[in-house]
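Structures are listed in the sections that come next.
There are two complexes below, and they share chain A, which is joined by chain B in the first and by chain C in the second.
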Partner chain A sequence: MKQLEAIPERPATPLGAQHRVAPRRRAAWRTALTSYSFILPIAVFGVFLLVYPVLYSLALSFRDATVETIVGGDMPFIGFSNYEQSLADPTFWQALQNTVVFTFCSILFQFTIGFLLAIFFQNRFPLKNVLIALLLIPWIIPVLTAANTFKGLFNEVGPINQIAHLLGLPTVPWLASPGFALAATIVANIWIGFPFNFILLYSGVCNIPPEVYEAARIDGAGYWRRVGHITLPILKPVTVAVLMLGTIYTVKVFDLVFIMTGGGPANTSHLLSTYAYQIGFSIYNYGEAAAIAIVIIAVILTLNLFQLFLKRR
Partner chain B sequence: MPLKLASRTFPLWRSILICSSIIVCLGAARAETTVEIVHYFNVPGQLEGLANIQKDFEAANPDIKIKLTYIPFADLVKTTLQMAQVHKPPGISCIDNPDVRFIAKAGVLKDISADVAKLPTWSDTYPGPKHSVTEGTKVYGVPIGSNSLAIFSNKKMLSDAGVTDPPKTWDELTADAAKLTKSPVYGLVFSATNTEESTWQWEPFLWSNGGSLLDLTAAPAKQALQLWVDLIQKGSVSKDCVNWNQGDVANQFISGQAAMMVMGPWMLGQVHKSGLDFEVTPIPVPKEGEKPVVPLGGEVWCVMKGDPKVEAAAVKFIEFVQDADRLEKLCDTFNYISSVRSVAKKQGEANPELQPFVLQMDTARARPEEGGANYTKVSLAARTAIQQAITGQATVDAALAEAAAKIKPLAAKK
Partner chain C sequence: MRPPTFRSPWVYTVVGVIFTVILLSPLYWVLAGSLMTQRELFSPHFSIWPHQFVFQNWSNALVRLWPHFATSAIVSVCTSALTLLVTAPAAYAMIWLKVRGRGAILSFMLTSQMLPAIVFVIPLFILFSQVSLVNSLPGLILGDMTFTVPFALIMLSAYIREFPYQLVEAALVDGASQWRAFLSIVLPVTKTGMITVAIFSFLMPWGDLIFALTFITESGLQPLTLELYKAVGVYGIDWSFLLPGSLLTALPGVVFVVAASRFIVAGFTRGALH
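This part shows the complex of A and B:
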C-alpha cells in the first residue's frame, strides 16, 4: 500500500501546451480504463453476488412473500407488515437479545484469550511454532465437526457432567436447560473463534520493534505497564480490525447454534440467524424471514459504526 | 489455411443445409420426453428403489426419459417453487405429505383426480394417505408409500430387566421405562427437538388419547404432554431429547444408550446393520384395548403444472409405479408401508417388523387434518409448548394454553 501511495502525481499540463492536451487526455483515459479493468471482475462479482441479493432481500422484506404468492410473482407490497409481525413476536426480541449477548460474550473472551496468548508468544521458548500451529486447530476444524463435538461434551451424561460429578459439583443438562443452552453455545463459539483473534494480534505484536520495550524497561516500566502503554496502543489499528471482523463473523453465526440446539429448548437459544431460518424454511414466510435478515444487517452495521466511532476517539 | 479453403468451396446454402439437417437429426433423437423428478431421498435403500423403478420404466417406455434430481430436505419446497416460478418446473416433485395441500395452494400442482380414479389401487388406498393429497374433489398426488411411528425395543435389555413384553399401555410404558433405566442407559428415547420431528413424535400419544392439536387446552392433550414430562422428570428419558433429532435418537438406541425408542420403519435398515436384537411393537395406548392413532409420514408423487406432454408422461410414470407388484417392491426397498391396503397387508405378512406399522395404518391420520394448509404453523406452536413443558420452563397447563392461543387464529382461517 505504501508503495502505491508513494508514486508521485502526474505533473499538471504546462500552460501553452494546448496542442498536446488531446493525446494526453486519451492516455489518461487509457490508464484509467486499464486500472478499472483490473477491478472489473470483483465489481461484477460484487454487484451480482452481494449487492443484488441484499437489494432483493430488502425488496422481499416489504412484500407478502409466502408459498402462495411467490410462484405467481405477484407478491403484493405490504409496507412494514413483515417488520411489524416480527417485532410483535416475543421470540424475535429473545433472538435479538441472544444475538447481542452471544456476540458480546464471544468477542470479549475471544479477544482477551487471543490477546493474552499473543503477548505470551512474544517470549521465546522451545516448540513455539508447533504450539502456534496447534492453537490454530479450532479455527481450521469445520464448524459442523466442532458443533457436534460440543453437543456431545455438553450432553447430560457427557464428559463435562461426568467431570463435574467426580468433583462433587451439581450437574446440569446444559443444552436441555433454557438457562444454559445459550451459554453452552457461547463457550463453543469462543473456542472456535479465539485462534482468529490470536493470530492477527500475534502478527501485530511481532511487528513491534524490541527497542521500544528496551527503552521502557530502562525507564523502569514493569511488564504489565509495558503491555498497557506500549503493546495495546501500538496494536490499536489491529485491534479495531479484529473486533470489526469478529463482530461480523459472530453476529451471523448460524451453523453452530443450528446444530447444537436448533434454537431450542423452546426457542430460548435462537439467534436472529436461526430464527430467520425457522420463519423462512419451517413455516415458509419468506417475506418475514427477509425482514429479519435486514435486521441482522442493520445490527452488524450499527455495531461496526460504533466501533469506527471508538477508533476515531 | 484449411478454414479459408472450406469457406470458399462450400457455398452458404450448402452449409445451412448441413447444419439444419444435423439439427433435425438431433431433434429426431430427442423426440423423447424427459420427466425430471426432484426428491430428497438419500438413504441407500431409497436410492436403490428409485434407480430400479427408473430403469424398469425407461425400458417399458423408450420415448420417456426419467431424470432424478436430489435436493436436500430443507430446500425441496423452496427449489420446487423456484423452478415453477422460472417456468421450468420438474415433471414430478416428491413432496412430504403434510406439505402437499399447502403447496397446492400456490397453484403449481396439477389436479390428477381424473387419472387416479382409473387406478385400481386408488379405491384401495387407506383414508389417511388419501386425505393428505385431497382438497375437496381435487387430488394433487399419489403417495409413494407411508411411514409412521412405533416402539423399537432392545430384546436383551428387556429380558435383563425382567420385562417380558414391550409396553402396550401408558402405565406399562412408564413402569417399564423406569425399570429399564440403569445409568448410563435410559429406558426410552424420543425426539423433542425444535423441528417438526418433535410434534410428529408427540402426535401418536396425543391422538391415541383422543386429543387434537386444535384443542390443546383439553384434558387429552394435557395428559399426553404430562406423560412425556413425567417420563423425563423421572429420569427414564434423557433431558437431552430436546436436542435430539430422529437420527440422534436412533444412534442412542443402536449404541445401547437407550432400551426403547419411538421410531419409524425407515430406520429398520440401519438398526439391522448394527446387529442389535430388537423387536417392533405398536405405540402404547392410554388404556388396554384402545387403538393407537399415529401420524402419517411419507412422500407423494406430485405432478407439476407445465408442458402438457411432460404432465402426461409424469402421470404415466405414476400409473406405472402403482402396479401392485412394483409398488410392493418399491415400498420394501424404501422400508415404507404401501398406502394401498392390499399391498401393505402382503408386506406385513412377509415381514413381522413391518406388521405393527401395517396394523396402525387403518387408524393413521394425515397431519394436515389439523390445521390444513396452516399445519406447519400449528406444529411450530405445539412444539414450543412441548419444549417449554419438558424443560420445566412452563407448566404443562401454561405451555399448552400459550400454544392454544397462537393456534386459535390459525385454525379459524383455512
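This part shows the complex of A and C:
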C-alpha cells in the first residue's frame, strides 16, 4: 500500500508522459489526501481558535454584548455604537496617544542600545559568548518578572528614589504620577526589548566580511565613519525587519503595563490593549472591548502594509 | 573592526562586563532584595547588600508557589507538545507538499502572530464559558496555543526549508510514504529546530498572564504568573514574596538561555528574519 501511494507522487517525468489515466487519477487523489492529512490538525485549530475569534470579535464589535445580553442569548445589533462610544471616550484617545509614544520611545532606545552592543560585540574577546547569553536574560524571562522588577525599582520608596535622595535630588512617586507612570513603563519595556534588537543586529553584523572594513581603514576612514558608511547601510534589510517586528510586538504589549500601573493613575498610562481589557473585563462591555480590539488590528494591518511597501522599494 | 587597537582583547572583556553589569543591575536588585526584609528593602537608605540574609523569603515563596509551579509545568508541557504535534507536519506540508491554500495559511499565521492577545481573549472567553472550558486547564492550553502555534509554524517552516530535500526524495523513490519520510528522516534531522521551538512554546505559556487571568478564576488551577500577580493586593504588595517568586518564575528561561544560547540565537535569527 505504502509503496503504491508513494511512487507517483513525485514523478521523474512530467505527468503527461504517462497514459494510464484511471490509476493516475486515483493516485493523485491519494496524494492529495496524504498532503491534506499533514495540514488537517492546523487547519482545524486555525479555523476554531484563530479565524473564528477574529471574526467573532468583528461581529461582537457591532453588538450590545454585556454579561446580561450574552446570558439572555440575544446580543442586539447596534451598528457602530461601540465604535462611537469608544471614540467619544477621552481615555481611548489617551490610550492611543500612549501607545504611539510607548512604541516610538521603546523602539528608538531598544534599537540604539541593541545596535551599540552589536557593534561592540563585533570585536573578538574572551568570554564574549557568556556575556551575550547573559544579555539575553531580560528578554527571555517572563514579562511578569520584569514588570515586578521595575515596579519595585520605581516604587515611591524604592532604590531609584533612594539613590536620588542620596544624591540630594528630588524624589518622585513615579508610578503614582501622571506622565511619569508611562515613562516608567517605557524604561521597563526598553529593558525587556533591547536584547531582541541586539541579537538580530549582532547576527547581521557577523555576516559582514571583515575585508570591507579593511579597505575603508586603508582609505583612512575613522571608526564612527566606518560604522555610519559601512555597517549601517549593509544592515539596512536587518534594520527594517527589526524595526517592523519590534513595532508590531510593542503595539501588542499588555502584561507589562497591566502589572506595573494597571493603566493608572487616573487612566493616564493605558495602552490600547490594557484599555480594551479594562472595558472588557472590569466593566464587562465585551462589545466595546471588541471594537477597540478591531481598531488595534486595523493599526497593525496598516503597519504591515507599510512594511510591505518598504520591502517593495 | 577595532577602533583604537588595544594590545589585549581582555580590555574588551572588561568593557563588556561593565555593560552587562549595568544592564543586568535591575535583576541584581531583585536578587539582593529577595533576601532582605521588606523594611530594609524600602528603608530611606539604599542598601546594596542585605544586612542580614533572610533566606526564609525564598523558602516561604517556594512553599506557596509549589502547587502553582506544577500547574504551570502541566500547562506549558501540554501546550508545547500539542503545538509541535499540530505544527511540525504542517510545516513540512507548507514547504514540500503541493497543498492548495498553503500560501493563505502561512500569511494568516503570520498575521495572527502579530495580533494582540485581546483579540483572542474576548471571543474565546465567551465561547469557552459556553462549553465549560473556563476554569479548566485544557481551556487555558487552547488559549495559550493561539500564540504558540503561529509562532511555531513560522519557525519550523524556516528550519524545514533548509533541510536537504534530496534525502526525502531518495526515501520516496525507495517507496516510503510521505508520512514515513517525515517521521523517520525529516524529524530526526531537524531535531535542533524542533527542540528550540518546543522550548519557546514552553516558555510562552509559562509567562502568560492574560489568558490565565481571564480563563482561570478558581484558586486550585492558577498557574505561577497568576499567583504572583495576586501578590499585589488591595492592601499593598508583599515584596518579600513577590521578589523571590518573580525570580523563581524566571528560572526555566534563564537556565535555558544560559545552557543553549548559541542555538537559540541561530534559530531565532533564522525564524525572525525569513
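What we mean here is this: the second predicted complex is superposed on the first by the 253 of 313 C-alpha atoms of A that agree within 3 Å, B and C clash if a C-alpha of one lies under 4 Å from a C-alpha of the other, contacts with A are read in each partner's own complex, and residues count from 1 in each chain.
Assume contacts are C-beta pairs under 8 Å (C-beta built on N, C-alpha and C of every residue); 3 or more make two chains touch, one makes a residue touch a chain.
Being a predicted model, the structure only gives us computed values, none of them experimental.
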Next on the checklist: In the superposed model built on chain A, check whether chain B and chain C fit or clash.
Outcome noted: clash
Next on the checklist: With both complexes superposed on chain A, which partner does A:27 reach: first (chain B), second (chain C), both or neither?
Outcome noted: neither
Next on the checklist: Per the contact definition in the header, classify A:298: touching chain B only (first), chain C only (second), both, or neither.
Outcome noted: neither
Checklist entry - In the superposed model, does chain B or chain C contact more residues of chain A? => result C
Next on the checklist: I'd like to know which partner A:37 touches here: chain B for first, chain C for second, both or neither.
Outcome noted: second
Checklist entry - After lining up the shared chain so the two structures overlap, which partner does A:119 touch, if you call chain B first and chain C second: first, second, both or neither? => result second
Checklist entry - Does the superposition put A:308 against chain B (first), chain C (second), both, or neither? => result neither
Checklist entry - Thinking of the overlay built on chain A, is A:215 touched by chain B (first), by chain C (second), by both, or by neither? => result neither
Checklist entry - Can A:70 be said to touch chain B (first), chain C (second), both, or neither? => result both
Next on the checklist: Quick one: is A:108 in contact with chain B, with chain C, with both, or with neither? Answer first, second, both or neither.
Outcome noted: neither
Next on the checklist: Can you give me the overlap between the chain B contact set and the chain C contact set on chain A?
Outcome noted: 70, 151, 155, 157, 281
Checklist entry - Once bound in the complex, which stretches of chain A touch chain C? => result 2-3, 5-7, 9-10, 34-39, 41-43, 45-46, 49-54, 56-57, 60, 65, 70, 117, 119-129, 131-138, 140-146, 148-153, 155, 157-159, 162-163, 165-166, 191, 194, 199-200, 202-203, 210, 213, 222-223, 226, 231, 238, 241, 245, 248, 251-252, 254-255, 258-259, 273, 276-277, 280-281, 286, 289-290, 292-293, 296-297, 300-301, 304
Next on the checklist: Which stretch or stretches of chain C touch chain A in the complex?
Outcome noted: 1-4, 9-13, 15-17, 19-20, 23-24, 26-27, 29-30, 33, 41-46, 85-87, 89-90, 92-94, 97-99, 102, 105, 108-109, 111-112, 114-124, 126-127, 142, 145-146, 149-150, 153, 169, 172-173, 175-180, 182, 203, 206-207, 209-210, 214, 225, 228-229, 232, 237, 239, 242-243, 246-247, 249-250, 253-254, 256-258, 261-262, 264-266, 268-269, 272-273
Checklist entry - Hey, which residues of chain A end up touching chain B in the complex? => result 67-73, 151, 155-157, 173, 175-178, 260-268, 278, 281-284
Checklist entry - Residues of chain B touching chain A in their complex? => result 74-75, 77-78, 81, 84-85, 102-103, 105-108, 183-184, 193-196, 238-243, 257, 376-377, 380, 384, 387-388, 390-391, 393-394
